[in-house]
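One chain, chain A, links the two complexes that follow: it is found with chain B in the first and with chain C in the second.
Entry: the complex of A and B
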């Protein structure tokens, strides 16, 4: 049972990372730096509870706010460049954050433990949920509750004018600016909000694992978070959720195969991209499903010419 | 001469020599990007696969270093062709993210295969150039760095000759410029793509050899390290500009060596990425590139 709780917790946290990349992607950008915001959220939230004695909720909120503010500061200059340039710029940002945490030492001795970011040794002993007697199952509930809030926000966003604006920017930036959309504002908004979501995922993660270090927020995490939305599909927020569930679930269920499971994982990504280059839940599928869900009366045949 | 100035000069020489190595890595990424207009994130893994495969004849038959060197190149070319076949050939056109993802998939497959086969431990590499430092006037230089300098200059000359003096080079530049127009004029885009993969993968073999020699072992972290450095160099020089990649590589080499000497080794990588970020913000086209469209 505990094993399944652990997997579900990881899926919930990684789904948030996938949604974070997705939010950048629906305005036509690609970020390889969300793990940097994840790290910021994790370190800030972890320091809040472990060093400053805050309650979990304000700690998570602080992580989200700091990640979002940094996202705003990075987003303004970074979003001047596009496409593959932005992918590299954001990866550069992620590495800067990671290497900064590799060098930061801010510790305090609490009891017989050294608590706080301790450079290359990582940030140990974030024992909030153990000290409060929160069980893993209860903490899974907290993760899923947070994920539910994020998903509801995404659901609302996709139906709002703002969501349409972001999609319009993805389709054609010039056309979007011609109809009066402030392209820069839309992109920076998407980037900032996405940074906040990644920060939330980080804050939840550090309390789940009680530990984080710079190695955990390196290139593999960047690759994983980008893989969920691209594999799952960029047509709807269901895509990254599906991607996280399938890919994390798959790696876990193939555990019996040991190292071969990673090879299967890579091969599966290649095959999926060959057959569905826009991911499992692509725009065409979303339109078709919307067609099924629409009341029949609306689906009139086109008038004869 | 003051000590700081002396040390600075010595690090400048080392940095320029090691920068040639970075220039090779960035050059490989750049050539692929220039022709295909796509990133090949599996390039670092291609390099690593070659470096590991080169050790097979050494461990089995105690083969000389020359055999090792040739094996790295041959295996890298084979892996490169595999990457082209699996990740690019059958991909539908018009999806920018799909090739990024397929090469990531390939990166995972290659890296995990190597980790699986070697239990993730670094394998000792022979030191064909010895480890006695050479004296160049008052300065001490590493012999393997000197070898890197010589080989990379040979490599760059060969590539410039290939690009500007041969039919293949002309076809390659035509495809890089405008693939459709080149196709209409009778250039086989697929052939150029495959040959570009052969060329860059052969470079990958050379890179893999020197990467492993300069560290003293073939290690599973190589792929991520080389990919990071390659992307930095490629952006520094301007995407798709080969002379830019050489300049970017030299600049990165010098900056890193000076930074390690004067600031300490923990700042080396953070400096590289900060420069990358700044360059992208201030000069998005890189040092020699034009502004991106």
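Entry: the complex of A and C
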């Protein structure tokens, strides 16, 4: 049972990371740096509860805000480059954050424990949920609740004009600007909000695992985050959710195969990119499903899309 | 704000008849190439103004500079009397310039409805009573695309795509509409419909500035024509004048002026 709770918790956290990359992607950018915002959220939220005695909610909120503000600051210069260059620039950012935490020491002795970011030793003893007697199952509830809030926001975004605006920018910046869209603002919004989501995932993660170090926010996490939306699909927020469930689930269920599962994982990604370049849940599928859900008789101006 | 529909006679007039778009001494270089060389022209309010010229003469470059996609190397552009040269595209659009592209640029992964809806913006002093959804629906109705509203753009035929791009451009409520070769690739029937659409837009008070090679369309709808060749404006006048202009004939057919 505990095993499944652990997997579900990881899926919830990784789904959020997937949504973060997805939000960047649908505003026309590719980021390999969301693990940097994840790390910022994790360290800030962890320090908030473990060192400064904050409650979980304001701690998570602080992690989100710091990640988003850094996202905004990084976003402006980073978004001047595109495509592969942007991917490298964002990965560079992620590495800067990682190396910063590899070197930053900000600890305090609490009882017989050294608490706080401790350079290469990592940040140990984020014991909030243990100290309060929150069970893993209850904490899974908190993770899923947070994920539900994020999903509701994505749901609203995708039905809104802002969502359509981001997608227009993704597809054709010149055409988007020609219908009056401020392309820079749309991209910076997408990048900033996505950074906040990654920060939330980080904050939830550090309290789940009670520990984080620089190694956990390195390249593999970047690749995993990018894989969820690419595999699951870029047509709807359902895509990255599906991607996280399937890929994390697959990784776990194939544990017996050891390294062979990496091959299966990689093959799956390549096959998706070949045969469904916009992922499993692509735009065409989303439109078809919307068509099924729409009442038949409606022909004239339906009030809502 | 809405310009009263009237057949504004070309040429200078009182203040209210000031040109909606005035381009003065506009140049644009690409490295050593002068794509636009000291071009000046005025588009009268309420007119259909056509820009013609051989391929590579700088027509689309002129549109790109007017819409802020390219910065001018020198010169000024006045839209409704205010300078817009060098402004950002979205700011220029919000001031009231709309545009379609030569090589149709739709949002192909979005539905037909969303393509128009994303472009609808309530301008200052605009009609807020009608919701953005209703305005998008109305534009689909106008362009005959209502039945396709939930389709992906990739399921539209060529003519429908052109009309959708027009609907999208109109959604920004332009006072000046730039059409870049709207008749390209169109059959006779579609051409007829386009001609009517342009006339109707003009009656509704829009000013149309179009680039076109299809002379049937140009001669049928344009009040005034300017001709570009190698980045220079070589002629401007009423359709009848342009048809008989010696320099225009030379630009199209060569120096001898003899028919091929």
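Points to keep in mind about this one:
Going forward, the second predicted complex is superposed on the first by the 297 of 305 C-alpha atoms of A that agree within 3 Å, B and C clash if a C-alpha of one lies under 4 Å from a C-alpha of the other, contacts with A are read in each partner's own complex, and residues count from 1 in each chain.
Going forward, a contact is a pair of C-beta atoms (placed from the backbone, for glycine too) under 8 Å apart; a residue touches a chain by one contact, two chains touch by 3 or more.
Keep in mind that this is a model prediction, so the values were computed, not measured.
With both complexes brought onto chain A, simultaneous placement of chain B and chain C is permitted, the two fitting side by side without a clash. By the touch criterion defined above, A:219 reaches chain B but does not reach chain C.
When the two structures are aligned on the shared chain, A:167 is found in touch with chain C, with no touch to chain B.
By the touch criterion stated above, A:230 is placed in contact with chain B alone, chain C being left untouched. When the two complexes are overlaid on their common chain A, residue A:265 makes contact with chain B while staying clear of chain C.
Contacts of A:278 after superposition on the shared chain: both chain B and chain C are touched.
By the touch criterion stated above, A:177 is placed in contact with chain C alone, chain B being left untouched.
By the touch criterion defined above, A:291 reaches chain C but does not reach chain B. Contact with neither chain B nor chain C is seen for A:251 once the two complexes are overlaid on the shared chain.
In the superposition on chain A, the chain among chain B and chain C reaching more residues of chain A is B. Following the chain A superposition, chain B and chain C show a smallest Cα-Cα distance of 13 angstrom.
Put simply, chain A uses residues 278 to touch chain B in one complex and chain C in the other.
For chain A in complex with chain C, the touching residues are 161, 164-165, 167-168, 171-172, 174-183, 235, 278, 283-284, 287, 290-291, 294, 301, 303-305. Of all the residues in chain B, the ones that touch chain A in their complex are 39, 86-87, 90-92, 95-102, 104-109, 112-113, 115-116, 224, 227-228, 231-232, 235, 239, 266-267, 269-270, 273-274, 276-277, 280-281, 284, 292.
If you check the complex, the residues on chain C that touch chain A are 67-69, 88-90, 93-94, 98-99, 101, 105-111, 113-114, 117-119, 121, 132-134, 137, 150-152, 168-169, 171-172. The part of chain A that touches chain B in the complex is made up of residues 30, 77-78, 80-85, 87-89, 91-93, 95-96, 99-100, 102-103, 218-219, 223, 226-227, 230-231, 234, 259-260, 262-263, 265-270, 273-274, 277-278.
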